[in-house]
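The data blocks that follow each hold one structure.
Next come two complexes built around subunit A: one with subunit B, the other with subunit C.
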Partner chain A sequence: MSTAAPVLWQKNPALAWREIDDETVIISPQDSVMHELNNTGSFLWKNIDGDKSAAELAELLAANYEVTPDIALSDTQALLEEMSSRKLVVTVPATGGVTT
Partner chain B sequence: MNAPLATSGRDSRQQFELSIGCVPLRLQMSDAQLFDAASARYAAFTDGAAQPITIALNDGAPPEGALADFGYEFEGAVLRAFSNKICFDGVRNQYALDSLLRVLLSWKLLGHHGFLLHAATIIRNGKAFIFTGRSGAGKSTVASLSPEGTVLTDEISLLRREDGIWRAYGTPFWGEFRAAGSNTSAPVAGIFRLLQAAENRVEALRPMATLRALLPNVLFFSAEAEANRQLLDIVNQAAKEIAGYNLSFRRTPAFWEVLPA
Partner chain C sequence: MTATSSAGATPIMDRLISRTVQEHRPLSVHFDLTYRCNERCVHCYLDHDDHGELTTAECLKVLDDLARSGTLFLTFSGGEIFLRPDLYEILAAARRLHFDISLKTNALLVTPERAVRLRELGVRRVQISVYSDIPAVHDAITKVPGSLQRTLAAIPILLEQGLQVKLACPLMRENLLAYRGVMALAEKLGVPYILDLTITPMMDGSGGPLEHRASVSSLLPVLRDPVLHACKPQPTPQAASAMNAFQPAFGSAVSSGIESSAYEDLPCSAGHNSCYISPYGDVFPCVQLPQAAGNLRTEKFDDIWYHAPKLERLRAIRESQLPICSRCEIRSYCERCPGLALMEGGDILGAYERACLLAEEEARLAGVVAPVSALHREQETGFVQNALKTEFASLAANSSSD
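Here is the complex of A and B:
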């Protein structure tokens, strides 16, 4: 039986972004749209590096903010979906499944 | 120093040199009608500065095998920037030329720590007051309510950081106010986001709020991520170093009374 590899997330490399005063400003050059992330959004953004799944990002969020693991996972998944719909993040092709 | 207006030695092309925001440009073209229109439109910005960037209009001969560092197309007019030459092709009138010049300047200004902004610039007591906002925000209204001879532009302002000081330059890019433009500059007093209201009031902005006010009004046409990163750094520095305000204003000259001196 094989289990699909976890989906990993990375920033869209076509974007321009900078951290400013604990917030993150992102520009989509293709459509000249500006996006902003608040403090926790910026924390997740910094850690979206192409090597982490939503669950791993949620663990980091729970460890650094006063939030339960369940809420951290729910918030992380919601933010990833929102950023994905805006083409700010993309999934990394799985390099291989986990076989059990 | 080169003559600002001259006939080129090669075939029948004519050329003239201009400087916008201290960015020197040399326009070469063989279309006599377009030459007359362009040299009249940019008369106030004619300048024989050293080492201008040469722009070949409708030359149709890009460097062989060269890849453009930057390209842009607008309604059939095409800009291609190579390392040693800029080509504008498909330019049928002065308006197309004006559009490509704005696009080129927005890109070239990255190397001069500057940017173009949808804004009116008014000089008062030797300082430049920048009034920013999209179409309909009141830029031309502010210009029309200001003393004659003090308006550097009512549409597109040019800001550059020089020796640690932000300066605003006049541009030949105008909106409804219509004027020849003024090729001068002044240190920036502040950036004011225009909000039409029943009373005149100013509210100081934090740098992040100033950045929010600036970014949607910056003119920039490159889709390259690295160029956009450079732009973001420049505009962010402007937001940190220039005082930013929301300006609620009525359509009367009295709005000047609430502005900081």
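Here is the complex of A and C:
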């Protein structure tokens, strides 16, 4: 049976951003709003590359920080939703579905 | 451990400035791509001949270095940047490196097609020089007939692409009374403006442009104009509304950061978290402090930024230790510039006449009774002491002759 392809996440390419001391400052050029990500947010930001799903990002988070997989996933999903609502990240469909 | 956004007690820009000042990160860089220009403004401090501009490859290398060093805010200026045929290539590289990009231009060469490219390349803001709303006044300053009409025609073209436009109006003898017109023009266009009272000497230190500087006495009507907030940047309408929408949970509007408390005992941001790069690769603390700390053709940016003796000496300066200005009772009204102190007064640590006169006027406007700067007080004291010495000498001479 085949399921829908997972949603992959990528940064909004219009943004200006810079990582400074493990924190990331992001500027949306359209509205000049500044955003700031903390250490873990920055870790996820660096790994948001258009090739990873929320689950894959959460796995990376759990592997690199002292956090359980469940919490990593819920935190990752919450951050992605927050960033998506602010147009900092967008989703891209994965090519091909996942067969189980 | 959570993965969330961080929002401290202070706005993001303040935190960013504090952090970068403390660590001497080059947060903001002004990069002149050329000194060539299609206008010949009477007050301009640049030599417009090309003495060997950085090549495209050299510019791209500079951008790589700046991104690695942590620069976020990048302003491309000139001269006239649209005279660089590789402008879009440079902007595209800056976009790939995720800089926040601003441009300064006279906009004479802006077309709808070019405005589209600017938007596609992620330019956030375009600052345009406008000297008056009266063509004869503006064109007499630029020495290009029809320039105001062409500059103004570019503004809606840029706005249509969603680019933020800001008018910049340096005030000088030739356009001193034009500021109300520029303010009205900005209001009509729905864009912010900045009026600038600073006219600087040539970068080689010669004083030609200063002939066009308005005297402090002639500036009084401007300084006293209640509707004017001279030299105070205004947030754009978009930025202001966005700030309301997102604070304090996640984001805040980009501000100039000029008023940040991080600069409290520093003369300014120059050399602390900002610098200037000339079209020839020279790294200066600021365009108004033309003391080259190094050249990017022969040195890496980080080597200059973190190790150049000129920058290290500049970073050691504290306003509270300035020999004259630290004793000044009206210091809080002063907009002393270390570069102008050097170029006009010959001493980067010193006081200079223009700043003192303006500070006294600002203090008077704020209600200070008979404000006197430390420099002028010292001069008065010196004058009195000299007069007393002369009188004593005269008395002594008279008594001995008696």
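Quick note on the criterion: the second predicted complex is superposed on the first by the 97 of 100 C-alpha atoms of A that agree within 3 Å, B and C clash if a C-alpha of one lies under 4 Å from a C-alpha of the other, contacts with A are read in each partner's own complex, and residues count from 1 in each chain.
The criterion applied here is as follows: a residue touches a chain if its C-beta (ideal position, glycine included) is under 8 Å from a C-beta of that chain, and two chains touch if they have at least 3 such contacts.
Keep in mind it's a predicted model, so treat the numbers as computed, not measured.
Enquirer: Do subunit B and subunit C fit side by side on subunit A in the superposed arrangement, or is it a clash?
Expert: clash
Enquirer: Quick one: subunit B or subunit C, who's touching more of subunit A?
Expert: C
Enquirer: Tell me which partner A:30 touches in the superposition: subunit B (first), subunit C (second), both or neither.
Expert: In the superposition, A:30 touches subunit B and subunit C alike.
Enquirer: Please indicate which partner A:67 is in contact with in the superposed arrangement: first for subunit B, second for subunit C, both, or neither.
Expert: Second partner only, subunit C.
Enquirer: If the shared chain A is used to align the two complexes, which stretch of subunit C, 295-303, 331-339 or 385-393, clashes with subunit B?
Expert: In the superposition, subunit B collides with subunit C along 331-339.
Enquirer: Would you mind listing the overlap between the subunit B footprint and the subunit C footprint on subunit A?
Expert: 14-18, 20-21, 23, 25, 27, 29-30, 32, 34, 36
Enquirer: Along subunit B, where are the residues that touch subunit A in the complex?
Expert: Against subunit A, subunit B makes touches at 206-208, 211-212, 215-216, 220, 222-229, 231-233, 236.
Enquirer: Spell out the residues on subunit A that touch subunit C in their complex, using ranges where they run on.
Expert: 14-18, 20-21, 23, 25, 27-38, 40-41, 43-44, 61, 65-67, 71-72, 75-76, 78-79, 82, 86
Enquirer: Residues of subunit C touching subunit A in their complex?
Expert: 1-7, 12-13, 15-16, 19-20, 23, 25, 67, 70-72, 98-101, 122-125, 162, 164, 236, 238-239, 242-243, 246, 250-254
Enquirer: Within their complex, state which residues of subunit A touch subunit B.
Expert: Going through subunit A, the ones touching subunit B are 13-18, 20-21, 23, 25, 27, 29-30, 32, 34, 36.
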